[in-house]
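Should a chain be cited, it is by its letter among A, B, C and D, assigned in written order, with residues numbered from 1 in that chain.
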Amino acid sequence: MTTLLEATGLKRFYKVGSGRKRGMLHALDGVDLAIGTGESVGLVGESGCGKSTLARVLARLVEPTAGSLRFKGEDIAAIPLARFITSPLRARIQMVFQDPTESLNPHFTVGDAIADPIRRLRGAADKNDLDRRVRAALAMVGLPDNLIGRYPHQLSGGQKARVGIARAVAVEPELLILDEPTSALDVSVQAVVLKLLADLRARLGMSYVFVSHDLDVVRLLCERVVVMYLGEVIETAPTEALFEGPAHPYTRALLAAIPDPHRRGQHPPRLDGSPRSPIDPDPGVCQFYGRCPRGQPVCAQSRPPLRPVGAGHLAACHFAGHPA
Amino acid sequence: MAAATLRDVRYAFGENPLTAVALAIFLLLVACAVVGPALVPYDPLATNSDFRLVPPSSTHWFGTDRLGRDILSRVVVAARLDLGMAVCAVALSLVIGTGLGAVAGYRGGWIDNVVGRLFDTIMAFPLFVLAMGIVAALGNSVANIVIATAIINLPFYGRFARAEVNIRRELAYVEAARMGGNGAALILARHLIPNIMPPMMVQASLNMGWAILNAAGLSFIGLGVRPPEAEWGIMVSEGASFIFSGEWWTFVFPGAALVLAVFCFNLLGDGLRDMIDPRRRT
Amino acid sequence: MAYRAVLQRIAGALPSLIGVVIVTFLLSRALPGDPAAYFAGPAANAASVQQVRESLGLDKSWPEQFWRYLSDLSHGSLGHSLTTGQSVVADLVQRLPASMELTFCALIFAIIVAVPLGVLAAARPDSIVDHLCRALVTMGAAFPTFFVALLFVYVFYYVLGWAPQPVGRLDEIYYTFPSEVTGFLLIDTLIAGDFAAFRGALAQLILPTVSLGLFALAPIARMTRAAMLAALGSDFVRTARANGLAAGTVLFTYAFRNALLAVVNTLGMVFSFLLGSNVLIEQVFGWPGVGSYAVSAVIASDYASVQGFVLLMAVAYVLLNLVVDLVAGLIDPRVRFGG
Amino acid sequence: MSAPPLLDVDGLTLDFRTRAGRVKALDDISFSVQRGEILGIVGESGSGKSVSAYAVMDLLDGNAEIRGGTMHFGGADLIERDRAAVRSMRGREISMIFQSPRTALNPIRSVGRQIADVLVRHGPVPRRQAKEKAIAALRKVRIPDPERRYDAYPFELSGGMCQRVMIAMALACEPMLLIADEPTTGLDVTTQAVILDLIRDLVDNSRMAAILITHDLGLAGEYCDRVAVMHAGHVVETAPMAALLGRPAHPYSAKLVAATPSSAASIDELASIPGNLPNLLRDDLPYCRFCDRCDRRVARCDTEPTPMTAVGEDHLVRCWSPL
């Protein structure tokens, strides 16, 4: 598998507070990530772990503070934003957003919403050509043509989600970043959208970065999972391997917290307390230290790097691979 | 969409008959302002020493003032000046305020700081007092009343636009537009400003009443409009001296015209707000 | 409230004050034509205009002029009034208590009427109180203060004869002014033990207070009602109800205190209205305050007086806003602890 | 199940009067809760699960109108009894916690005092003792350092902490029934697990019962003893949790189980439910509100009211052609 997008040393800091409380919030604190052509990668973690920021940096909606972003070998983070916005590369990476209602401009019809990026990024020979492409995109996500003149408020939640997907795939991206695309949807609609996404990937051969807090959904849709904690990748592995043998204690806690009817009556150990402050973190301490059931003195002396613990399986824990 | 809008309009009127009344008054006021001089029975500036301070009668419905001028004619004709001043002032502050506020809200950073500081400074004054100061400094003219009223209104539109843009700036549909190859200018022009215009228009309508009051207040204390020009504020001011002799019609009718105009714009604003924001329908 | 938070608030008012000083300076230099001719007065000849120009420093560069303006300000000098011949500061100090007394009475009247009205209207939507509240709010927003004041004078003085003649703070034909202690007649008459004069001063105050207060009443009542409705519909009131708290506790301890925050925050806007409308009311009632002083100054193109007045009002307004901020901090722990 | 249920809702029918017409929000719904159990009410948004709980708590908006049915709590009639009596039961005998705990707490009152308010209201507890009791309540929900947290304001606490405060407040007077309305929506999975473990423990270690309202069948599966599935204002099935997951009888329940990601081994196994919820404003709603989306529809679905029929022990379904 060739690498489609490779991120190295991605950092994104935000200034917070004022006066004596001023500090740097480390939303992304040195992330390395490679996404293969046609690969589907799940990005999971608690709220505030930086998964949404990472998705936005990969999509160049948010500028990284440091780090490089290579798309098919070309460093796209080096292209000035104003030029990147209208370059053909912009169409290569597209994004589907969380809340289907919020992601559609209330003043744009379905047709306008899908036509806008085609016109800007792909260009259309004439009105007919544009119209043909809009209809093709609608057909691709299984929406009937007669929705073309509708406004978002006239659509159901599921239809809005599909329009959001159609808008992204209409410009034929190679990488689709999905930011919790089904979390605002009801179960029955979620199932439909998930199946559509799986089907689109099979047909169009896109790569996915699928951001979600729902590990069950990630398990169904992704080949590889990346677990984030406080702006860092702490574990990555093929989906099967991760669910079978999580190496990082945080991943273990995360998996144990997924509701499961088969665990009725059992009391697995829970992850309590809150994460360390993301503001000016000590680079010499494991970010999970203090909350970790396995914390040792060494964890407060050096921050563990990501290291291989199995085939395609990396974890950032001093004790990964050692039985508890 | 058209059908939905029509439904909203019907709803707003059916639910709130006052809005329909306000619309009728609005049309009447506009008619006065546009064709008023052609409608009125007397020349609003013509003095007549034989008919000074005549109480309302069948010949002079609203009576006459101390120079024998017909008050009805003056009240009707004054609509053009009073509404004109308010419309110009609101339009000025709407356009400039929306522009400044939207750019500040979208761009953030130093532009936002500078624009915000400007609005803060204007708002640091009691606004009517600032308007007095501006007119006194720039000179006593109608144009300067418009400018002063526009300046004191500016922060309302500016801050409103800034806040509305700020809320929407990070919204998914704006991010989607950026993913779709739209630059900052296009996003502001095609995605953000059209979406903030409806609430801005409500704000403008609600603000019209206030602008009218401000302009009339300035003329009442003798700024801007000069006699013998017909203007509601100055007419009230001129009539005020006849309170102690009981010639009430000299100030009541122009005052009532003011109230009617302000009332009408406030109600229209409320109706408009109901129309565009169904959540407020309680 | 935490000491630091108070200091921060006070420091936060400084930029506003600086802005106010800059704007008043710019306004004075924006006079059309030759400012020196204005300041020299209508009877001046070319030589005296030149003299005024030099004495005012108008021949200097703008930064120098601004510096000079600042140093004058720091010495408490706002120039001389053309009409009264006194220093502007002396004029303003002499007339300020009259305006303050009127404004405070109007504010107190407005709060006492508007807050309970708004609370009751929100507690019982669509009741008579609610309709009354809405009617008052609509009227208050549509009636020009000066027109209301004139109507009151006409009805209560001319027609009914209930109110005394609107000739200022005290009718000197019947009463004597007490010696000035606070400058507030209601207080000074009491200190002097002159109850007749107290009644006389009160009688003079009622109409201007009510006409000015009505203008402030409308926004306060509207805000109270809206804030109460929002608070009563909020999640935390639902929680309080779900826990069976008594209706009174829910209404006052939970809803009202939260609503009060919004109301206090609108008081700043209300002050802006009050200080502005004060000018108009003083004009109608012949009230010898700073507002009527400013109006005569504006008409006479007595610019130094207008400028002094604008500056005074702006500084007063900034200070009032500071007080509002501090009060909001008392109510709201999020402000108090900088959450 | 011989003991009388703690809460018994029977045939409850409820409309909302709106400008657009009557929303038939609940139609002839029945469910019951036994002492010491957790009942899950599961359904998608708009199914009426929260409305049912609000009806029990008498927290509905003024435009709600109960058109039929009965609600009994510990033998007392909740509809016939005067409202003051029902209201004084709230917080003392039945309490409720809500989603988004941070906005559900008074932002300008310390969390301890909010708990004390409830104690003072319901018990003969003087203010001074109320503080100690409130701290004890905070300790019971395992809030670390409860003495200090007593003076904390909601904005100083995390969402998970706020939800524990809510639980402490709800349990302060040791009620018989706790209704939890999507208590972990918006919280992280790890926090969710801690909160729900806590509720489960509290129920297991006292005679209290709980209702857990959720859209997540997987979640209900881990924590609930019995479940009522709602769809478009109907309770379509009530069953012991295991029975519902193992042998769902209503076509909607079956689809819902199969559409839950945790139940599927691969994306191909994931079932989807076609169609949308019917518009509850309609005056000509079919007797079965699922029939338009159902692949087992028979003629009677439109023409005859569907009764709740037993298909197993403690297992009722509202369908003419159950699975």
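Quick note on the criterion: a residue touches a chain if its C-beta (ideal position, glycine included) is under 8 Å from a C-beta of that chain, and two chains touch if they have at least 3 such contacts.
Everything quoted here is computed from the prediction, not taken from an experiment.
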Centre-most chain, if every chain is reduced to its averaged C-alpha atoms: B
Chain pair with the greatest number of C-beta contact pairs: B-C
Centre distance in Å when chain A and chain C are each reduced to the mean of their C-alpha atoms: 55
Interchain centroid distance [CA atoms averaged], chain A/chain B, Å: 49
Inter-centroid spacing, chain D versus chain B (mean Cα positions, whole Å): 51
Geometric centre distance via CA averages, chain D-chain A, whole Å: 33
Residues of chain C touching at least two other chains: none
Junction residues of chain B, two or more chains touched: none
Complex contact set, residues of chain A against chain B: 56, 59, 61, 82, 85-86, 90-91, 94-95, 97-99, 102-107, 116-117, 120-121, 151, 153, 164, 167-168, 171
Residues on chain A engaged by chain D in the complex (per definition of touch): 46-47, 156, 158, 186-188, 190-192, 194-195, 198, 213-217, 219-221, 253-254, 256-261, 263-264, 267, 270-272, 274
Interface residues, chain B side, partner chain A - complex: 1, 4, 171-173, 175-183, 191, 194-195
Parts of chain D lying in touch with chain C, wherever the complex brings them together: 57, 59, 87-92, 95-96, 98, 100, 103-110, 117-118, 121-122, 153, 155-156, 166, 169-170
In the complex, chain C residues that touch chain B: 15-17, 19-20, 22-24, 27-28, 30-32, 125, 138, 141-147, 150-151, 153-154, 157-158, 229, 271-277, 279-280, 283-284, 294-295, 298-299, 301, 303, 306-307, 309-310, 313-314, 317-318, 321
